[in-house]
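Shown next, in structure tokens, is the structure this report addresses.
As written, the chain order gives the labels A, B and C, with residue 1 at the start of each chain.
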Amino acid sequence: MTRRRIILIVIILGSWEAVCRFNIVVPLLLASPSEIIGALIQSWPEYLVALRFTVAEIAVALAVAWSLGIVTGTAAGMIPFLGAAIGPILVSLFAVPLITWYPLFMVWFGIGMTSKIVYAVVSGFFPIAINTMNGVRGLDHRYFLFGQAIGCSRRQVIFRILLPMAMPSIVSGLRIGTALIVIAVIVAEMLASLGGIGYVISYYRSIYATPHVYLGILFALACALLANWGLGILERRFMHWRELQIGDR
Amino acid sequence: MKPLIVLIQASVVVLLIGAWELCDRVGAFDPSILPAPSAVAVALWSLLHSTVFIDDASDTIVRVISAFVIGAPIALATGFLMGENITVGRSLSPVFNLVLAVPQSIFLPIFALVLGLGFTEKLIFGITHVFFVVAISAMAAVSEVPHGQVVLARSFGAGKFRIYRSIYLPAMAPQIMTGLRLGLIFDIVGILLAEMYASRSGLGVLLLRWGEAYDVDKLMAATVLISVATIFVNEIMRIWEGRVGRWRHALEDR
Amino acid sequence: MTSARPIVIETRGLGKIFSIDRAPIIALQDISFTVQEGGFVSLVGPSGCGKSTLLQMLAGLVPSTAGQVLVDGLILREPAPDKISVMFQDATLLPWKRVAENIEFPLEIGGMNAADRRDRAAAMLSLVGLTEFAARYPHELSGGMRQRISIARALAPDPRILLMDEPFGALDEQTRIKMGHELLRIWSRTGKTIFFITHSLTEALFLSDVVLVMSHRPGKIVDVIVAGLPRPRTYDIIGSAEFGAARNRIWKLISQDDDTDASEGMASL
């Protein structure tokens, strides 16, 4: 299967190169693989710096969004009153096009890393909190009873029983949230920034350097796909027992 | 419990707004960075009466709706075809899933490269946002159709149209409604993003311009307005979704 | 049944009222009974009559609104994991832990060290006859096996009392019968005191010395049946005259209970 794939990739790259060489598509719109590689060789230090900037923002945003989201979701899931109060609000707010808040964030936090981190955290927070909340809420009460019956303290019930049981839901939320965070950071950088991959892409677009634009987009894609892949691994680790939940026979 | 919760939610909101107003009056917040709710309300009022704003808002709305009206039917048809026809489904769905997994917004600069983002480019950008989500939902919806019932209906001699209307439609409706709702949301995000990135008109441009000019009153007013409007649209579609879901339960009757 | 063994569990005028919104629900009313050390007592009653609530109160998980639960003569106010183990209809095994780890879990919470835990878990596994499955995950096992692991886990802290809430309710009839035999074997080997809730009159009479019959809500004990059937029990005892008589007695008690609901809840196997 992999040999087949390699051949397929070669064919695609080949035809891509050909399409550009023969000017079938306007060179402004499409850059050939060779041109993109050329751009890489020419400007890789710049891209490296940009990547560091972007990755730093993503890392901070992930740390904040994950913790806030999981804590909020757990609290809302465990305390019925809280869940009933803020649950619907979280779900409704999820629909808001957060990009429209970015200009405000720029006014409040400048155009450096902070505004992007805030924007990304807000983007990633909702799916994480919502999924965590649902995961915790859905737990059969008897697991609690079991925990208490064997003498678990409140803390032990939460960390040793509840959270591990809710993990599949939590991880789905993390997966969605992380994807949204990566996109948010890069898109925000494209709009206005001091650095980062999005910024580099926009800069090269403004001077119509198509191969550099494509190169930047490939890096951005790589970030997104890498994050997704990483979380896929996390998800699989927690999924192997997913088939058995209370209610199964 | 329910009315009590709503009451508490409402009072919390009122309290927060009140505290916010107070902070601004007292000077704890800088009004040029974080304007008072009263200033925002005033700005909102003047915006709703300003032709410039209305023009730009209509531009945005027109783009959103056009992208949806063009993209959704094609996506529904494609998704349906993918669901019904196994070969089409198997060849196209990995591609579609890949596209959905990849953030479409990142490709905006490529769209913009051509000739800036004219109406057509923005429209296409919006359509791509609508298309894939709706298509995948339609395809998934087809798997919700109870094939046992279809076979049964055919054995009674029911015509194709009849089968589509009374079995396929109710079974597929909930998934499709969800897909359409998500498609619209993505559409709105896509159009606004495109406008912010490179446009001469539309709400996105206004927001960016006001941000750069530190015109916070108008910025906040418009941002809140857009947020509220989107929430409103989303909630309405969710109510429809809920209603449509109820038919399905009646249909299944288990 | 005649030897004066010490009383291990006693309830005195136990009652429970749930106040949900406006209409308070009287789940249990004036429950008084005793259980002797080493005895096997079953509780039968229609669905929704409060059996689970009663069991949770016996475990110290739910506080009473009237009366008390006494264990070894002391009022029970909170769970006593060193004395009492609880088992539910669903095995409530932790799906991400292996079988052996699941059995060790209560011991871990109780502060036992790792080596002792492992030994104890191995002993329990051999007691229920599932030693080869120590490294498997719960979802790889059948329903009956999971319940056996659940029993192993419940016995691991060596409690004197085992409270079981319809543990075999989700199993098919064949497995249920087998599990019943298993349970009796383990009971005679370990001498624990067992309090067993079930829907099935047959199961109750087959397994226990004493059957408490509960009415439907508000749950009260309407009778205590001591059928006096000989031990060790074999399955053909179910065909015997005494068995039939006892079962009819219980059935009458339950169906007398005003509503048709009451009799609908019973599975007369």
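Keep in mind that, in the parts below, a contact is a pair of C-beta atoms (placed from the backbone, for glycine too) under 8 Å apart; a residue touches a chain by one contact, two chains touch by 3 or more.
The model shown is predicted, which means the values in this text are computed figures rather than measured ones.
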Query raised in the report: Looking at the contacts, which chains touch chain A and chain C alike?
Result: none
**Report entry** Distance-maximising chain from chain C - centres being C-alpha averages
**Finding:** B
Requested in this report: Identify the chain whose mean C-alpha position lies nearest to the mean of all protein C-alpha atoms shown.
Outcome: A
Report summary line: Rounded to the nearest Å, the gap between Cα centres of chain A and chain C is 48
Report summary line: chain B and chain C have mean C-alpha positions lying a whole-number Å distance apart equal to 53
Query - Distance between the centres, which are taken as Cα means, of chain B and chain A, whole angstrom - result: 20
Query raised in the report: At which residue positions does chain B touch at least two other chains?
Result: 1
**Report entry** Contacts with two or more other chains, residues of chain A listed in rising order
**Finding:** none
Query raised in the report: Where on chain A is chain B touching in the complex?
Result: 26, 28-29, 81, 84-85, 89, 92-93, 95-97, 99-104, 106-108, 179, 182-183, 186-187, 190-192, 201-202, 205, 208, 210, 213-214, 216-217, 220-221, 224-225, 228
Query - Residue ranges of chain B touching chain A (in the complex, touch as defined) - result: 1-2, 5, 8-9, 33-34, 101-103, 105-110, 112-114, 185, 188-189, 192-193, 196-197, 203-204, 207-208, 210-211, 214, 216, 219-220, 222-223, 226-227, 230-231, 233-235
Query raised in the report: Okay, in this complex, where on chain A does chain C touch?
Result: 140, 142-143, 145-146, 148-152, 156, 160-161, 164-165, 167, 238, 240-249
Query raised in the report: What part of chain C is in contact with chain A in the complex they form?
Result: 56, 59-61, 79, 81-82, 84-86, 88, 90, 92, 94-96, 105-106, 109-110, 137-139, 143, 157, 170
